[in-house]
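What follows is a pair of complexes built around chain A, which joins chain B in one and chain C in the other.
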Partner chain A sequence: MGAGHQRQLYRPGDTLVHRLPPQCKLLAVACFAVVVVATPREAFWAFGVHVLLLAVVAAVARVPPAFVLRRMVIELPFVVFAVALPVIGLGARVEVLGMSLSAEGLWAAWNILAKATLGVVASVLLAATTEPRAMLQGARRLRLPPLLVQIAMFMLRYMDVILDEMRRMRIARESRGFAGRDLRHLPVLAKSAGALFIRSYERGERVHLAMLSRGYTGTMPVIHEGGASAGDWATAVLLPVAALVTAALSWSLS
Partner chain B sequence: MHVPDGFFNAPVSVAAGAFAATGLGVCLRGARRELDDRTAPMAGLVAAFIFAVQMLNFPVAAGTSGHLLGGTLAAVLVGPYTAVLCVSVVLLVQGFFFADGGLTALGVNITLMAIVTTVVGWTVFRLIVRAAPRGRSVVPIAAFFGAAVSVPVASLAFTALFWIGGTAPIDVSSVAVTMGGVHVLIGLGEGLITALTVSSVLAVRPDLVYGARGLTAPLLLRTPGGTTEVATGPAPRPHRSARPLLAGGALVAVVLAGVVSFYASSSPDGLEKVAADKGLNTHEASHPLGESPLAGYGVKGVGSERLAVGLAGVAGVGITVLAGGAIFYAVRRRGRSADEAHA
Partner chain C sequence: MTASPQPPPSLRVGELAYAYPDGTQALFGVDLTIGAGERVALLGPNGAGKTTLVMHLNGILTAGHGTVEVAGLPVRKDTLPEIRRRVGLVFQDPDDQLFMPTVREDVAFGPANLGVRGAELEHRVREALDQVGLPEVIDRPPHHLSFGQRRRVAVATVLAMRPEILVLDEPSSNLDPASRRELAEVLRSLEVTVLMVTHDLPYALELCERSLILSGGVIAADGPTHEILADGDLLAAHRLELPYGYVVTDRRR
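Then we have the complex of A and B:
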């Protein structure tokens, strides 16, 4: 579910995909996800083409398949749900390997599995080839609310600090023989969370004062403008356009 | 709970995205009042805190563990607007940097996990705090109930969205029962840890708990001339017009009712289906309003089906708003006259 984000996905490199301006990549991946969701589920070959497109991007970005596969575990809870769908689904039943499964449920499971997997792989590729800070610069260039982008920027900067603080507190707890096993241990964890909040908040106030004394006026200075040329856009648009052509073909064929 | 791509059909994803964007817009304005000039740095810090706390797995029952959603916790600690913003930023970062949660499902995720949990949790919290006698001891208890209610409500909201535009054929009532049941347990865990966390912060830095503002005992200055009460805490906020919020809400409701309703599943709902299966409806008398112009969610005499359903939806929203507004107005008038009688 939400856990297990300890390691960030970024994978340094200097390929065509890495060099593309972040705003182009953000838009390309978002459009690709929309096109994938809009592809009819009966068109198996279209999903094959989508996979092929992502494989080409991964190859150009030199992201090894094992890297992508390992990062796909995030999807697991919903895979379990999708596998359960044919069993609990309604509608006409079909016999598969001696089990009575819902035909509509099988379709739905395939639909969710295929689209969710493609979405996750696209997001993994985006995160692996784009530095988090650059991604937020891209979001700012895409005219997202500046306050929202700034909050995300500060969150990224504070995240490792707070996670380290939490790790130190966990080590301190465990070195005193603590192991959270059942409900009686909740107060300890809650007091840790409370202490973490107070420590982080006080640290944040100190940092804010330090920022003010160094001339912070409410917006972060932009050092690197990073506009995108027409060529960058043309390259980035290749992925969603190819996917759109595939989807359009599958619409007209069905 | 992070919903991936392909779980909801396109109209529901778009509608939820519009709803989430509207909610975020409202919260961006509200958060400036809660955090003064420090909005961006402090909200970013709270978002990082929520992200960290979500990794804090706590044991629920034998062998299973849950983790905090954190909406109510954030609302009690830093205020509801900032809380929605922070949880939304956490979801955005998880979606873009960790590939957790689909990009097309971002609207659904923000609506369910940021807006619904926070609004429900904060409302319950405020209701209990207001009903209880003045004092800080009520804050953790109210936080418990706020968090414990918010989680099952969010899961039911998920079920409702799934019923409108899910891509899988499952019996809604059974899903609602399962989801609700599991999340009542998770909600108890969330409530417990929220209450304990809030009470531990309250014990050390009560001034940091937004939900406890105005609940501390007033500062009394005893001088030879007598005892005077010194006003502490933030000055009362200037009254703001709720008109933009109402207008946004109305717009979203009309869009949902008028456009999205057409795409909603046309199969009978759970109750109707059970009734049909069990033969309950053989004795069903025809509804006395069955001949009314809005019967069966379609306006009579309008040719296009899409137009008819949409019009019926918009009319339904209008009637609901009028009825709700009338009730609200009556209640408010009574409350005000009671205040005047006291004064």
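Then we have the complex of A and C:
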């Protein structure tokens, strides 16, 4: 119980961005990401504009920069990969601070870093202004495959239950003197993971029975429609359209 | 239906037998009838076939032999949707029962599957939550509620389907004394037939006039709860025990 204290992505508020219907925001972020990827990597100024656009969204949503920065750690694996590229890259080399780096690798690293960062920031802003369950309602209204939406919904609902179960298993292990310190303890942890999987699977079966008992026939009943008005859509497309204009300018300039 | 003035019994089970696919025989011919508005406890030790019997009541398992009728309607493939509306099953672990992101959506799930929409749906949700005394949790996620609250919300999720009979699997398990009392108050206030599956004998005595003992896959006893609980030999024969220091005196004597 007491769901997610530190891994809270959502930041409650009542701003223009918070109030937008989730499906509008989802689509806006997806389009923004595509436009960012389509922006040529040489157009530094265009990326500057993209950053500015996101900064405006963050300001309107009253999401402080520190909040966004802390939640960007998810990007770390990409950063590691991007940092490796100039070192392992082939082709022409350039001297930077006494190191011989691949020019092509540098470009590739910049390309990955810039585009991934913009995508991550946009997603963090989306998550900060949209409750997880609203996100799923939005996904359903965008007519994403209902099965996937249902799976995500159950994940959301049962994440805490399963984490709680995991915590209880860890306490039970440690109460009997186990401490997972090195590799030799891996089999124990693997067995715990297996047990957790089976428990979750069995819970899935019980939940399915409970659903059948209340007349489930394979589709979730749509309870509230909550459609988006033309005004909502017009507000939401501001971000990707502004980004698209920027990208289009950079295409024509290059 | 016939023109008889008496409503049909809420539940009639006749000669119900069932063996699991692996050959384990769980029920050996169960006969029981529960009249409309009755509150009945189904007592039995672990492994007596209680849960198997419950699964037959709304057609999750279908009878290997015998019949189940809910308010006169037999459980068959073609009657399943109506049977599942009439039989409200409350599972033992409320986390299995409450699977939607908010209480409102969860309580609405059943009636929405029956085609109820809009204002009528909202009315049903509020009515069911009022019945269990938790109108204020409507917008909360189920996993943020206390265990006792979750169990009561689980009851509301089936009440919203306006069932003929409410079937509760171990309703008092894991509840602290206050939650236990609150649930008892809720159950007593409902005007619906209740079948309570339990081995919590004092709770059966508190809530149910009549009790059945299911043991070894058959109904071994059927009578007023205080008589059954006063019969120490009968209880002992079926691995049932009152808590330490608890004595029930037979009111007939």
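The rule is short, and it goes like this: the second predicted complex is superposed on the first by the 245 of 254 C-alpha atoms of A that agree within 3 Å, B and C clash if a C-alpha of one lies under 4 Å from a C-alpha of the other, contacts with A are read in each partner's own complex, and residues count from 1 in each chain.
Just so it is clear, a contact is a pair of C-beta atoms (placed from the backbone, for glycine too) under 8 Å apart; a residue touches a chain by one contact, two chains touch by 3 or more.
Being a predicted model, the structure only gives us computed values, none of them experimental.
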Partner chain(s) touched by A:210 [first = chain B, second = chain C, both, neither]: second
Residue contacts on chain A - larger count, chain B or chain C: B
Touched partner set for A:108, first chain B, second chain C, both or neither: first
Contacts of A:221 with chain B and chain C, given as first, second, both or neither: second
Touching partner for A:153 - first (chain B), second (chain C), both, neither: both
Chain B versus chain C as contact partner of A:133, first or second or both or neither: second
Set of chain A residues, in rising order, touched by both chain B and chain C: 1-3, 132, 153-154, 156-158, 161, 203, 207, 211
Touch list for chain A against partner chain C, complex: 1-3, 132-133, 136, 153-154, 156-158, 160-161, 203, 206-207, 209-217, 221-223
Partner chain A, residues of chain B touching it in the complex: 1-7, 10, 13, 24-25, 28, 31, 37-49, 51-60, 67-68, 77, 85-86, 88-90, 92-100, 102-104, 167-171, 189, 192-193, 195-201, 204-205, 208
Parts of chain A lying in touch with chain B, wherever the complex brings them together: 1-5, 8-9, 26, 29-30, 33-34, 36-38, 71, 74-75, 78, 85, 88-91, 102, 104-105, 108-109, 111-116, 118-120, 122-124, 126-127, 132, 135, 145, 147-148, 150-159, 161-163, 165-166, 180-183, 185-187, 189-198, 200-201, 203-205, 207-208, 211, 218
Contact footprint of chain A on chain C as seen in their complex: 55, 58, 60, 81, 84-85, 87, 89, 91, 93, 95-97, 99-102, 105, 108-110, 112-114, 117, 121, 141-144, 157-158, 161
